[in-house]
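Multiple structures are listed underneath, in structure tokens.
Both of the next two complexes hold chain A, though its partner changes from chain B to chain C.
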Partner chain A sequence: MARRAGASRLLILNRTMSIAIQNITKRFGLHPALRDVSLDIHDGELIALLGPSGSGKTTLLRFIAGLEFADARDGRISFQGRDVTDLSAYQRKAGFVFQHYALFNHMNVYENIAFSFRVLPRSKRPPESAIRERVTELLRAVQLEGYEKRLPTQLSGGQRQRVAFARALANRPEVLLLDEPFGALDAKVRKDLRRWLREFHDLTRLTTIFVTHDQDEAFEVADRVVLIDQGTIQQSGTPSEVRNNPANSFVADFLGLTENDAPAARTECQLKTR
Partner chain B sequence: MRRRHVLPGFGLSLGYTLLYMGLIVLIPMSALAMRVFSGSWEHFWQTVTDPRVVASYRVSFGLSFLAALLNGVFGVMAAWVLARYQFPGRRILDAMVDLPFALPTAVAGIALTAIYAPNDWIGALLEPYGIRIAFTQIGIFIALTFIGFPFVVRTVQPVILQLSAELEEAAACLGANRWKTFRRVIFPALLPSILTGVTLAYGRAVGEFGSVVFIAGNIPFETEITPLLIISKLEQYDYSGAAALGFVMLCASLVILLISNGLQAWNNSRNGTA
Partner chain C sequence: MPGATSIHINNRQPLRATGDSLAVRALLIGATLVFFLLFLFFPLVVVFEGAFSKGGAAFLETFRDPYTRHSILLTLVIAAISVPLNTVFGIAAAWCVTRYKFRGLSFLITLIDLPLWVSPVIAGLLYVLVFGAQGWFGPWLREHEIRIIFAVPGMVLATIFVTFPFVARGLIPLMQAQGMKEEEAALTLGANGWQILWRITLPKIKWGLLYGIILCNARAMGEFGAVSVVSGHIRGKTNTMPLHIEILYNEYQFASAFAVASVLGLLAIITLILKTRAEWRAEQELRASSFSTAP
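Take a look at the complex of A and B:
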């Protein structure tokens, strides 16, 4: 259930609050993608936005990055207590990893990762030696040392994914946003990257939000799972909370359908939904 | 050497293609070359280095180059507007781009002369300032720009349509504003297609005859283009002279084609397996 606005306003004062989203509504034409959504994300959390396709989870992620804007004026979003509602994407500088990576094909791996430094105004741009150091450090972190000169078209899907990670992290964003990060990869690579993401997060404690429709992925990787359907948050809690106490019939149904295949339980859930 | 193919008729279709190419393209061209080399080398050299002829190269190749450059700028702008924005009349404008393709070039020539001649619309407006367009090199330049325009638009437009919005969003999330996104992401991605379009427009302009002769005035050493000299040599029954000039044009066209193919290969290698 969407939390009340009053509660989240209090929480902004809390130092550990990384991202506060209040009363966001967004429509595409007549179709409401988000309905009065509020969500607080703590510093260092690893959150999964889980839901069926068309539920609004990607819209919410894009809203956080500044790639979508809310319809009504009363919807607000803040990073670390700083109101960023009216800032566009290039001012918010959230680290965003796109589903299809969106690497710049005409640049090699090094230049892709260095991009966020290249576009800084000259007065704020670090010296080339510092950029090189940071890129090398990131390439080591994603296990792609020695690939600096490769073009994106010369990499495998998993390698492109990791370049996209490194590029998003280069200029130390306040938050890392991942849109279906493992969706386009084959099963083995997906498993490795999942584990890698979990370890990376444990190491850096960077606030991270990822969108997925795969509940195994969400429950295995995330600290907290936020279930979204029909543009509203249905439940938010740790994996075990959600599993043991599904808040409503949607949650039970969504988890039950793939979790246990007992046909009786499934029918019961579906009946409850109606 | 005998291999099985899924589709039958390989031998037949290849044979037909070779025959067709031979009849339509290769035999006339070798006839041209044979006529050139059946005459004396000195006569050939004298014809192609005659000062009046050399002046015509300068007009043909130089003005074509400038026209292609101008098309490079405005063709890209037109392609951008047509590919990116929805506005009333867009389809009509889109169709009108092809007009210089479809129009008989003589009609274009008459139309341009009709508005730029000293006692007509635009010509009369500019005459008091001492600017003459018809019967000067500016007139030729305008005609060559007119006929080359569609080449740039039609090669760049599909590439713009193919660019995914994710690339621009990725650049924005990395801190690039609109201008930097264009300069560092969009423009480099379009560059090969822009160069291809400009080369094609250049090739077309070098060989252009119909639209230029009316507006050029054909003043020796000033506004005479090479194709016009070929015609006038033919009219004087100087077939070997005409063939010599034709041979020079043929070589120039081959070089332009080679450049254009090289650019296209470059374009494909970068955007091929994205």
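Take a look at the complex of A and C:
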């Protein structure tokens, strides 16, 4: 309890810094996934980690959640000024939405969302009435009222995605992490969910980080875009900053800004390969 | 005319996936059926026919014999000890192999299969060499008056060795295919290792697990070679059903031998039905998980 009080005092001092990542390096075998990455994320920000596949953006997200650990001991990460480097995923309790939802197929929607309460020790577990209230509130927020008894396999992709959102948010995480949240959905549902995420974020101001390889998605939804390639951060800034002042040739290339006729050249290329 | 031919070919296409001619297919199917009837089905019929060759009364009389009863009881006891233990070992091994990456992983997978490659008789001999009177632990065991060889503990050990791979082998491919995204999700939701095992992993693999348990049980009850070496064949003490059948047969009590054998045969049929059902459900389990993870 004493630690908690200390942490909340820090929280007041450091209020604007939600997540601080310092000097993270991670290798998978010989392949370096992250090279000395540092990133500060402010309270209430909505951030997109944008980059090509294999750039290390998902590894960074999983590192924040505690699903991956850094190689070198000098890499640190803190939430709200509280060092969480050595805490495992189940102690950090970051809300995480997986690319393919990872819903529990043998549990209905209600139990999926209530899961983070079910695993609490008895002394900390809220009463069933409070859990019911929270689940109902979340189902309303994701527009799935009345779906409590459905199994995940009886839902469409978009509905499953929204259940995954609700489940990640249930126990009020300090941060919400989304891995390619719209990647597996068709275009129409994608657009709706993007708008929904933006509105939801404006309402709650919950610090949110999402990974995407789709620049339209990143620029349309995020407050700040962090471009990653080859395990390093290439540029970080608001959508207009990045668009108007690409920091290097990778950013310019990736956004298709190298030359004025770059988009046309790309189309030509695509036509040729067909 | 060309149109008619193409329709004709189209109609036959599903049958001709491999391009084999009708004669080849008939030959293969026929050979399989003949083999099945000759080597699997008729022997089973013979067992049941032999069991009732002296009538129903004689059949029942076999099971009033205290030695027969004891052999059935001992078989059940050995299975009741070794199957739960191997279920726990099997889950632990499959968890280890599919959840962690470490040096020597492929060696461990090979080691899990070892009992399938080694002749059961050799497995039994290994235990005699380790725990027997002249074995490594022989003097120590004698000093402490612990009997393992030619006693029930040795038979349990031999059965555990022989039936070890079944649960693990049933689970490893299933758990590999299912992946661990749900487990990771549970982790980020604050579940600890035990909660993940009980609430997420076991429900995910329950039919695959049942499949492994059924096979493990069938083998545990039917095991002959390894158990025979360590048993000592003491009637009413260290005789299981398969060993008892051999003794009855060697004493020319054919009807009784077949009667006990028919119980094992019946067990095999029940196992087959349960196994088929569990297999089917395990497939559904796998499909459900790939359905939810596929884009």
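Note that the second predicted complex is superposed on the first by the 242 of 274 C-alpha atoms of A that agree within 3 Å, B and C clash if a C-alpha of one lies under 4 Å from a C-alpha of the other, contacts with A are read in each partner's own complex, and residues count from 1 in each chain.
Following the convention adopted for this analysis, a residue touches a chain if its C-beta (ideal position, glycine included) is under 8 Å from a C-beta of that chain, and two chains touch if they have at least 3 such contacts.
Only a predicted model underlies this, so the values are computations on that prediction, with no experimental measurement involved.
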For the three-chain model obtained by superposing on chain A, do chain B and chain C clash or fit?
clash
Looking at the overlay, what does A:141 touch: chain B (first), chain C (second), both, or neither?
neither
Contact-wise, after the overlay, does A:87 reach chain B, chain C, both or neither (first, second, both, neither)?
neither
Partner chain(s) touched by A:189 [first = chain B, second = chain C, both, neither]:
neither
Now for A:247: first (chain B), second (chain C), both, or neither, which partner does it touch?
neither
In the overlay, answer first, second, both or neither for which of chain B and chain C A:115 touches.
both
Applying the document's definition of touch, where does A:100 land relative to chain B and chain C: first, second, both, or neither?
both
Report for A:167: first if it touches chain B alone, second if chain C alone, otherwise both or neither.
both
Footprint overlap on chain A, comparing chain B with chain C
65-67, 88-90, 92-96, 98, 100, 102-106, 115-116, 118-120, 152-153, 167-168, 170-171
Tell me, which parts of chain A touch chain B in their complex?
65-67, 88-90, 92-96, 98, 100, 102-107, 115-116, 118-120, 151-153, 167-168, 170-171
Which part of chain B faces chain A closely enough to touch in the complex?
164, 166-167, 169-177, 180, 184-185, 188-189, 191, 270-274
Chain A partner contacts - residues on chain C that touch it in the complex
181-182, 184-192, 195, 199-200, 203-204, 288-289, 291-295
In the complex, chain A residues that touch chain C:
65-67, 88-96, 98, 100-106, 115-116, 118-120, 152-153, 160, 167-168, 170-171, 183-184
